[in-house]
Each structure stands twice: as C-alpha cells, then as structure tokens.
Amino acid sequence: MEQGLWQQGVDLMLYGMGTVFVFLLLLVFVTTFMSRIITGFFPEAEPAPAASAKAPASKGQLPSEKTLAIIKDAIAQHRKRKDRD
Amino acid sequence: MENIVGLWQESGIAQITWGQSIMIVIGLLLLFLAIRKRFEPLLLVPIGFGGILANLPGAGLALSSVEVAIASGDVNLLRQMAALVGTESLVDLKNALSGAPVAIQQAAAQMAADAGYTDGMLHKFYTVAIASGVAPLVIFMGVGAMTDFGPLLANPRTLFLGAAAQFGIFATVLGAAGLSALGIMDYSIADAAAIGIIGGADGPTAIYVSSMLAPDLLGAIAVAAYSYMALVPLIQPPIMRALTSEAERKIEMVQLRHVSRREKIAFPLALLILVAIFLPDATPLLGMFCFGNLMRECGVVDRLTDTAQNALINITTIFLGLSVGSKLAADKFLDPKTLGILALGIVAFAIGTAMGVLMAKFMNAVSKQKINPLIGSAGVSAVPMAARVSNKLGLEANPHNFLLMHAMGPNVAGVIGSAVAAGVMITMVRAMGAA
Amino acid sequence: MENIVGLWQESGIAQITWGQSIMIVIGLLLLFLAIRKRFEPLLLVPIGFGGILANLPGAGLALSSVEVAIASGDVNLLRQMAALVGTESLVDLKNALSGAPVAIQQAAAQMAADAGYTDGMLHKFYTVAIASGVAPLVIFMGVGAMTDFGPLLANPRTLFLGAAAQFGIFATVLGAAGLSALGIMDYSIADAAAIGIIGGADGPTAIYVSSMLAPDLLGAIAVAAYSYMALVPLIQPPIMRALTSEAERKIEMVQLRHVSRREKIAFPLALLILVAIFLPDATPLLGMFCFGNLMRECGVVDRLTDTAQNALINITTIFLGLSVGSKLAADKFLDPKTLGILALGIVAFAIGTAMGVLMAKFMNAVSKQKINPLIGSAGVSAVPMAARVSNKLGLEANPHNFLLMHAMGPNVAGVIGSAVAAGVMITMVRAMGAA
Amino acid sequence: MENIVGLWQESGIAQITWGQSIMIVIGLLLLFLAIRKRFEPLLLVPIGFGGILANLPGAGLALSSVEVAIASGDVNLLRQMAALVGTESLVDLKNALSGAPVAIQQAAAQMAADAGYTDGMLHKFYTVAIASGVAPLVIFMGVGAMTDFGPLLANPRTLFLGAAAQFGIFATVLGAAGLSALGIMDYSIADAAAIGIIGGADGPTAIYVSSMLAPDLLGAIAVAAYSYMALVPLIQPPIMRALTSEAERKIEMVQLRHVSRREKIAFPLALLILVAIFLPDATPLLGMFCFGNLMRECGVVDRLTDTAQNALINITTIFLGLSVGSKLAADKFLDPKTLGILALGIVAFAIGTAMGVLMAKFMNAVSKQKINPLIGSAGVSAVPMAARVSNKLGLEANPHNFLLMHAMGPNVAGVIGSAVAAGVMITMVRAMGAA
Amino acid sequence: MEQGLWQQGVDLMLYGMGTVFVFLLLLVFVTTFMSRIITGFFPEAEPAPAASAKAPASKGQLPSEKTLAIIKDAIAQHRKRKDRD
Amino acid sequence: MEQGLWQQGVDLMLYGMGTVFVFLLLLVFVTTFMSRIITGFFPEAEPAPAASAKAPASKGQLPSEKTLAIIKDAIAQHRKRKDRD
C-alpha cells in the first residue's frame, strides 16, 4: 500500500506535469496561429481615439485639482443622499 | 429552576473545549493578519470570522442536522440511527454514517428533522456555496471578467513560464505521498493531490479541488493558499535573487505589441476548445473563466460584465469565505495533517517560484529574444501580487526596467496552468480510486 | 365546450372566498400605508404585494405542492395520501400531514409531483428565504454593515437603556400567556414568545424568531412589527412626555468622545465572544450582525461592505418581503389570534418605551453624570426612527439640545438587546417543549 | 501505463460525436451573431457559450448525475437502476427513468451519488434557474421595473393592437398542430403551444412556457425567440409597407396626455386583480411584472427598484442564459423538430406583425381618432426594438412624424398580451392533458 | 389521435385568442375607468418642476461640452480607483 | 395546562429579562475594559484629516449650487446612457 501510494505520486507527477506542459505548448501554437490569422486576414481598423476621451485631452488639459475635489464631494453627497432613502 | 440549570448547561462556557479555544485564537490571528497586515483581506476576513463562528461552543453552526443530533447525545434518537446504519456502537455512529449510502444518510437526516434538529448556519452556506461547487466557479467567472490576456497574447512564449511554475504543485504531491509512504503522515493520494494544488497559488482552484478530493482538509488548504499568496512578497524575492545574476536582472524587455480586440475575443474560445479536447474535467473551472473573459472582451454585454466583476463576485466571496471558515472546526483543523499542509504548502510556493525563474533562464539559453528571468516567478499565479514582485525586483536592478506588463503574461498563464493541473489531477485521482 | 367551462371554473372569480377578498383589501391598505404614509416602505411594499398575491383565488401561489393537490380535490390522489399518512378522513388530511414525520411528508410531495402539482411561487420563495433562516441573517449582516457603534462605545452606559426597553418583550409574553391562561386566546408558549418579540421593534429579529417558534403567526407578527415601527413617531411622544418633566427634557448632554477605529474593530469581536459564551442560540443572528459590522469597520474589505449594504440586502429584502406576504393567506391571517397580536404588539411598544425612559430617570437618580431621559425611549430599537423622535422632543424642550447622536447609543443597544432576548427565548421555549 | 490510456480515453477528442461538433459550430455562430451583429447580446452571449459548454465531449456539463452514470456505461450500476425501474433493457433505461415516478427517480439519483457521479454544472444551473421557474419570474420583475406604462395609459386603445398581434401565437399553434395532424412533424399539443409562444416575441415568457410545457424544446424555442427578436428590423418593415398606403404611413398622431403618478401606481394593481380574476395561471408571470412596475412607480423603494433593474436582473440573466444553453445539447437540438420550430417561429412573427397593422387599420375604419397603422406592428412586443421600427418607418414617410412614444403603448401591451396568452395556454393544455 | 390534435389546436386558437381579446378589452375599460376616477376625484397637484432639475435650466443653460467631458473623466477615474480596491 | 402556561410565561419573563440585563451589564464592563486597554496601550495616531476631504474645505468654500446642479445633471445623463446599453 505505501509503495502503491509513492508510485501513484510519481505517476501523478509525471503524467500531470507532462500534461500541463503539452497543453500549454499546444496553447502557444494555437494562440500564435490564431493571432497570425486574425492580424493577417481580419485586421482591425486602427482604433479611433474615442471622442469622449478626446474632448478633455484635446487641449492637453487635465481637470484642475479643485474641480476634481468639488466633483468628488458632490458625488459623495449624492451617494449619501441615495443611501438614506 | 430546572430552566436556569438548563440555561447554564446550554451556555457556551460550560461546553467549550480546548480545541475550540485554540481555533478561536487562530481565527482572531487570521483576522489580525487580514486587517493589520493586509493578508488577502477579501478572503481572510470572512474565513477568519467563519472560523471563529464554527468553533463557538454549543452553537453548532458548522454541523449538519445529524451531527447536531449526535452532539446533543439524545440516546433514543442515536439508537434509532445506529439501527438504521446497522452499527452497534453509538460512539462510531458519525463515521458509520459518513460512509453509509446516500439513502441511509437522507433517512438519518429525516430522523434528525423529526426530532427538531436543523443544519447549522455555516453548514447551510457550505452546502450551497462549496459542496455544490458553485461558488468557486462563480468566482472564476468574475476573475475571468477582470483578466486582461493582452500581455499573454502579445508574448505567448510566457505560457512556458506559467507551465514551469506548476512544478511546485506536482513536487508537493510527491512530497505528500512520500511522507505517507514513509509513515510520517497519513495522506491518501487524493489528499496529496489537494495539498499540491496549494502550489498553484490560486484560491478558487484550491478550494474547488479540495472540495472534490479532500473536503476535510479544505479549511487548512484554503488558509494555507491564501496566507502564502499574501506572503508572496516575502517568499519569492530571496529565491529570485539566489537564482539570477545581477546582469540577468538588468535585462530590459522590448515593448509589447498592440493586441487587437478580435484576438482577445478569439482567445477564450480557443482556450475552451483546447481544454475540452484534452481535459474534460477542467471544463467547469476554465469554462466559467473563459465565459467571464469573453463577456469582458466582447464589449456588448457590459451590464453583465460589470455585475460579474462586482455584485456577483462580492456576494459569492462573502459566502465562500464563511463556508471555508466552517471547515476550521477544531476536530478537523487541529490535526497533524494541518501542520503537514502548512509545511508542504510553502515548499510548493518555493519550488514553483524557482522553476519559473529557471525556465526563463533556460529559454534565454536556447532563444535569441531575451526575457528577464525575474518574470518567471510570476508564473505561480498569485495575481497580481507575483507580477508586482517581479516589477519591484526589476526596478531595484535597473531603475528604467518596468516589468509589470511583461510579468502579467506568465501571471495569467499560471492561472490557466493551475486550472489545467487541477483537471488532470481530478481525472487521475478518480481513475486511481476506481482502479 | 368543456374546455370553456373548465376555463371558467379555473378562473379566479368563481373560486374567491370572503377571506381572500378581505385579505386583498388588507394588502392594498398596507400598500397605501407604505406608499402614501411612508410606513417602512422597503418592507411593507413587498409584504403588501406578497399578501395580495398569496390571496389570489385559484393561483395557489402560497401553497406547497401537496397543499395545491389537496385544494384541487383530486379524490384518488387524496385517498392515496390519506393511506400514506394513515388517516381515514380526507378533510383532516392537511393537518394529519403537517404533523407527520418528514419521511411521510416527502413521500406525499413525491405523489403530488407525480400528479403534476408544483409548489407555488411564493411558497418557493418562503422556503428558500425564511424557512431556511437565511434571509433574516443576511439582512442582519447588512444592518451590521450599516451600523456605527461609535456613540455606544463613547457612552457604554446607554446599553442599560437598551436593556430596559426589552421589558416590553417579556411583559407581552406574559400578557399573551395570561390571555391564554384566562381562556380568552389560545396561544402556546412558543406563540407567546414570538408575539413578545414584536416589542423588540426589530423586523428581521421578529421574522427570525417567529419562523422558528410560530411560523403560522409570522405574517401577522411581521406586519405588526413593521407597522408599529413606522408608527413610532405617534406612539412614543405621549408616553415620553407623560413620564418626564420639562426640566428633565431640557437636560443637555456632554459631547461624545472620539472613538478610535481599533475600538470599533474590537467591539464586534468582543460582543460575539460574549454571545457565544452565554447565549449560543443567539449566535446566528448576532454572529452575522457582528460580521457585517467588522467588515464595515476593518476598512480593508470595502468591496464586500458595499455589496452587503446594497445589492445583497436589497435582493434579500425583496424576497423576504414577498415571502412574509405569503403568510398573509386568509386562512392564517383572518384568525382571532391576529387581533390579539395587533393589540399585544402595541402594548409591547408602549411598555418598552416607558421602561427605557424610566431606566434613564433611575440612572439619573443614582449617578452624577446626567442623561436626558428622552433618549431612553430609543432603546426599543426601531433604528433610526426612535432616535429621531428623541431628538425632536429634545429640540422642542430646548432648541440647543441635539440628542440624535446620544440617542443612537441606546438605539443600537436595543438591537443587541432584542437579539439577546431572541436567543434566550428560543433556548427556553425549546427546553420547555422538550420537558 | 493504464493511467495514460485512461487519460486519453477520458479526453474529449476520443469521444466527440458529429452532433456535438455541429452544435459547437452553432454555438460559435450564435456568439458571432450576438457580438458582431448585436443580436440580443445580453441573452445570446450566455446562451451561445452555454451551448458550447453543453456539447463539450466527455465533460457532461448538461447532464444530471443519473445521465452521467448512464453515459459512463458502468454496467453493474445500470443493471441496478434497470431493476429499480423494472425494465429489462439497458438501452431504454434513460427513457424508462424519465417516465418513472419521482420516488424512483430520486432512488436512482441516490444510486448515482453512491457511485460518485454528480450533476453537471449546467444541469445544476438549469435546475435552480429554470426548472424551478424562478429565473424568468425574476427577469419579468426587472422588466416590470424598467417599463413605463405612461404611453399605454395615455391611450388605452392601443391595448387592442397588443391583443391583435398575439394572433401570431395562436396561428402558429394551429400550424404546429396541423403539421403533426398531417404527419409531417410529431408535435404534441403541449409542444405546439410552446412553439406558438415564440410569436409573443418575449424571451422570458417563451422560456417560462416551454419550461412548463415542453422542456426538451426549450433550447430551440429560446434561440428562435431571441434571434427573431433581433431580426425584427428585417422581418417587420416589408410586411408593414405591404399592408399600408403612403397616406396611412404619413398620419400624424396627437401628442399624448400627461399621465399622473397615481394612475401609474394604480395600473399594475388593477392589472393584477384582473389577471387573478380571469387567468390564475398567468399570475406568477404577470404578478412579478406588476410588482416590479409598482416598485418603480411608487417612488418610495428606489433602492429595491435599482437592484431589480441592475444587479438582480443581470445575475439572473447570466444564469438563465447558461441554463438555456444547456438545452442546446446535440441530442435535443439536432432534431427535425428544431427546423420546424425555426420555420414556424418566423411565420409567427410575420403573422403577429401583420395582424397588429391590420387591427390598426380596422380601428381607423370604425373610429374618428386616427392612429398611424405603423404602430400596430409594435404590438408583438420585442420591446423596444419593434417600437423603434415603427418610428423609423414613420420618419421615412413623414420627417415630422415621431411615432416612438405612440408605439410604446402597443409595445408594452404586447408584453401583457403574450403573458395572458401564456396563462391561457398553460391552463388549457393542462386541462387537455388531464382529460 | 391526429384529428384530435388538430381539434385541440383549433380549440386553443379560438378560446385562446378569444380570452386575450376579452381580457385586453376589459383592461381597456378598467384602465379608462380608473384614469377617470383618479384624474376626476384624486387629481395630483401640478408637478412642481423639481428644484434640482430647475437650477441649471433656469437660465436655459446646459453644462458646456467641456465641463461634461471633465466630469465624465473624473467619474471614470473615480470608478477605476474604486475597482482597484 | 393553563396554569402551566402562565407559569411558563413568568419563567420566561424572569429568566429572560434577567439574562438580557446581565448580558448587557457584562457588555458594559467588557466594552469599558476593552476601550481602556485600547486607548491606554494601543492608542491610534491622531487621524490625519483626509487629504481628499481637505482640498475643497481648505478654503472653507463649498461647491456652488450651480456647479452641483450641473454635476448632478451630468451624472444623471451618464447613468441614463449606461442604462440604455
């Protein structure tokens, strides 16, 4: 029985580790192949910079610290009011 | 007057055992680690609290109705149950019942219900969340919905790092089997497999596997898995430094290419088909993972993705944690097996880390495109902690070396790797049991 | 042609009873109170609607599959069931079944399933949400996650006010027992205990206790508890004014000290341990409450706290409310017992309020640090309504006297107090049943 | 060595059938339609993915524990089960079991559990979400919470359009019955009723009805219902143009009156009472719908409404979709019946659309207050797609003609109409089965 | 049997469609009646334009595109930060 | 039996009320003790006023009514758009 257990452990390690490696090896192949097919035959149009994200960025201008703080405050108040309901 | 005596006998203090006291202290310790030291608090707060609840004397929160009945010592009822199971000894009733056919167990539960006993609260949570297998699957769906496979797709070779790091799992299985073969411990092969999965550094996978192969060890295995995941920033760096040279740690990696949305949509489907072909027993876990990821990447079901990432995974985490805590009951946790689990678990992490780093060095030896071996350690999973450790050590060696995104590849590869390992172990252990 | 006759016979109007019509009107009244008068709308909207659903004729939404089968009058099936239970009379079948062993009940359910009958929708909700005990526990976790024990910790003496106000519970138990002893009503001791808990002014506690001790009265008890909680601004002020002098109402209290985060983290754990030692039967309820509060205060699991306070408690509230509504079926609600419950419930609130105020006056008599007796009434729970009432009356007497935060101490103490009372009553009633 | 052979035999590729391969391709096609063509993605992404999961070879995710046991071919166990059912043939065991009494089925499940077989993941989801009837009901509650009955209340005559469009349902029932009477297909009357409901253009109603009347066809029916709902912008316009003149399409409608909040609160209650009086079997579906709508309109339980519209409906949608997918298993879907369902379903949509338009023309013929017949097609439901189609065609004919709000009336009337049709069909089919 | 099925289909259509029409006809009556009662006997006060909604509208002034973009950005950042927790 | 019920009620009141009082008395002791231990031996550093909360307050300046209204509007619009998806 004890010998059996050790043998089972060895089996589990060999076949188990083998399977993990073979599986991930296959996954490397499949992934690489899939990426080639897609980038080769079904290329995506360059992702247009999203308009909504662009608006504030167009002037390279981030919302000021103060504006952000005010907004955070407003949101917090808004949430509190909702929670109270 | 007898009422007041009854009240005292019902009170917890008259019933507490040493084991329960110790387990309550251990629960408090887990809470301390979670709250003060930020050890995976999302899981360890519910687990720690559940562990305390499970050990409150007299409450029986972690017991089934039959176990409550047995604990109550109602002799008439126990005699009936013993007759049902066909055993003579009242002492052995619990074991006899747990080995009995399901029909007998259900009849015993009916008897307990007739006598007014009900399942404890944590036992109910455990039955619904873990024994059914559902909670780890839902968590995996949520994790899938939060995972970005971009870095992996940009550099698929990092999958090898995720494969190598799983050696920690199987070395630990062998270690547990060896300890038992030597007579030091008493683990079955199913126990050994469940213990090994700690080395996968992935909480839900560990809970899923041990709920199937070794439910009695689930508490210790989950605690070990989450604790060591939290300790990754302490466990990994010495190993990584010992196995790499300063020059290796300085290696800068080329920026990752842009991965298109279509590749990201195709990946979970390709992974699912591969799993189905080679590892049917891994399909529940990886199927839900791929489903979550597909919802994320397809971009047309943002409502569902948002729920899978938030409300649903949070609800599930609460009950999963409390349910795991129910397995911290003293009679299950305070066992030499637990010490063995804790010892083997850290070995598993160390071996996994080392193998990831060594595999990276091996790949550098045979390939022109160099990779920084520090990202190898991220192959153990422990997302995103292990990748952050790689990044930190990279920056120490070279202040311009940002490895975080590169390490995310092996990091998520490790999640796949340990789920694959889970599937292969479940399949093989079942075959061994049937043989 | 027989189809069209069948359709008519199936139609509700051919089957409605007076009782159902009355209950539908009562359901509409509850909705009116909830929507127009803002009587605890979060619970009374689902309860009222569930009550209407439960009384829709012919739909059988609140019935189990066996009850549907019995209501259908399928004589062959009923004879088989009667043979199973071992009764001769088809009329008495329902009672015979509800007293039969679980195995017999399950066999009857199998027969009903074979004949194509299924559980009604509300019966399913009730089984999952209330009969399992889970919904009140999840609500209590959410309430814990929303409770700030700061005011209580800053002035622990206010716990006495929360204790005193629970006298309403026990006086009502005695009242119900007395009415039965005099032959006016027909409550068992379990019924009396469940009715008394209305005085705890805490909805989930009342539902939890009555689901365990007196499920048939659950509808009336829940309706009474939530209605009177909504009526706190009408019930309490006259009592408070009658028992206090103008001078007492003018008492200003010193500002509460700052309570550190560590105290707030330690408190739920200390409370849990105390509960476990003295009152194992209160651990499910107070355990979940402490867990929710710990999640809130520990500050490291905000994701989970947020879900416990929102999505999870809301989902549970919807199904809890509908399930409570299922107990407003005419045959259970239209019973002299309900009138007794409504009458005793308001007495319970009044006594609790009075005892809270008197205890505050007593504490002023024996201690130097004066407290405004108006905050005593907040000890009945009814969070946060009762504390607001205290504050309002305080401002009337003295425009600079803000009692809100001071009243929050006894207010949350009342929650603990009634959960403790729940535990002690469950323990004692069970012991009495076994004796 | 035998382990590695076992591993191969366990692997999916050795076990896949042609049917499964085809179904996986169909699942991928559904995903493509959902993601690329935006065909009702919220449902078709989970359904498509669930369909793939259900057909993964060797995993048995859609099978019950007994079915897994049968698929495993464990001869000893199968002999025991056959003895239990009282059949001789092992081949016929599955059919024999599905026709056996519930007690026998539960005994078989106990046997399977003793032999270590468990329910597949999707089977569990199906049992909890659909077989219990709960998921469609929760979805209906959420839909109710998202529906504004204002346009309907402002112009109640549009209810006739919603009624007329349900003719598609019943014409299809007749068509299915006719095909079977002619021997072309083999539908029972229950099958025919379930297929007809596709014409209701309402997903949860279709799932609810077919889960009760024809569970084996559920996959095909749900896929047909959601696909054709997505195709509404292609199916409806030619029919609408063919049946209306240019002048009719130019008709401008008077602006809708303001509907008060009280009317909106009273409407769901009035609807519920009417349903209860005439159609008890429609109360679960319409009861939950009215409940959701009442929560929305009463304005005092916004927390609950918000959860019903978001977290709860999203969670339910995920599991509903995966569960429907479990009915895309090859042996159930790849059947001539499915082709019939797909063919009949589109006929149902076309007839419903036509009847809605014709009813509008008829109403114009008998009434002075003209309505634009383009809004008649919106009576099929398919909220809000069909109303948008009406609006689009209206704008084509007359650029100042905004029909959207006017079309919302028949659109939500169609939801009520198909739920009413569902109730009447369930009642009648049951009566026919009992006769 | 086949004849029976066809007959059942006809029954289902006639009674079914009839029920749907009768039911919705009744609903038209009930709804119209209910609306008359409510608007006649329980009229609502004219809904006062909600104060919160009024404030920005009072000057017929919508938040500028830029302000909106800034706010959206702030909210998105805020959410992201929450998710990371 | 009826006498028994009354006796049970009395028992329940005496033992029940007694337990509630004793329990909450103990809780007062434990809480007070716990607070002393913590404030005495494990004092917390004074909670630094949170930076985020401070920012808008530092000038004792609340966001103007108008700003708040704009923000609320923006949030509402944002939500609506999300709901429509």
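Before moving on, here are some points about what is shown:
Lettered A, B, C, D, E and F in written order, each chain numbered from 1.
The criterion applied here is as follows: a residue touches a chain if its C-beta (ideal position, glycine included) is under 8 Å from a C-beta of that chain, and two chains touch if they have at least 3 such contacts.
Heads up on the chains, UniProt names are A, E, F = Probable oxaloacetate decarboxylase gamma chain; B, C, D = Oxaloacetate decarboxylase beta chain.
The structure displayed is predicted, hence computed values, not measured ones.
Taking the mean of C-alpha positions as each chain's centre, the chain lying farthest from the centre of chain F is D. Each chain gets a centre from the mean of its Cα atoms; the one farthest from the centre of chain C is A.
Chain C and chain D have Cα centroids separated by 38 Å.
Averaged Cα coordinates give chain D a centre that lies 21 Å from the centre of chain E. If you average the Cα atoms of chain B and of chain F, the two centres end up 34 Å apart. In chain D, the residues touching two or more other chains are 3, 7, 278-279, 303, 311, 424, 428, 432. Taken residue by residue, chain E touches two or more other chains at 11, 15, 19, 71-72, 75, whereas all remaining positions touch fewer. Chain contact summary for the complex, chain A toward chain B: residues 2-3, 5-6, 8-13, 15-17, 19-28, 30-32, 34-35, 38-39, 42-44, 47. Only residues 101-103, 106, 132-134, 137, 141, 265, 269, 272-273, 276-281, 283-284, 287-288, 291, 294-295, 298-301, 303-304, 306-308, 311-312, 424, 427-428, 430-433, 435 of chain B touch chain D when the two sit together in their complex. Those residues of chain C that touch chain F in the complex are listed here as 152-153, 156-157, 159-160, 162-163, 166-167, 169-171, 173-174, 176-178, 180-183, 188-189, 192-193, 259-263, 266-267, 270-271, 274, 278-279, 413, 416-417, 420-421, 424-425, 428-429, 432.
Chain contact summary for the complex, chain C toward chain D: residues 2-3, 6-7, 10-13, 16, 24, 28, 31, 34-35, 38, 41-42, 45-46, 49, 52-53, 56-61, 107, 110, 113-114, 116, 118, 121, 124, 310-311, 314-315, 317-318, 322.
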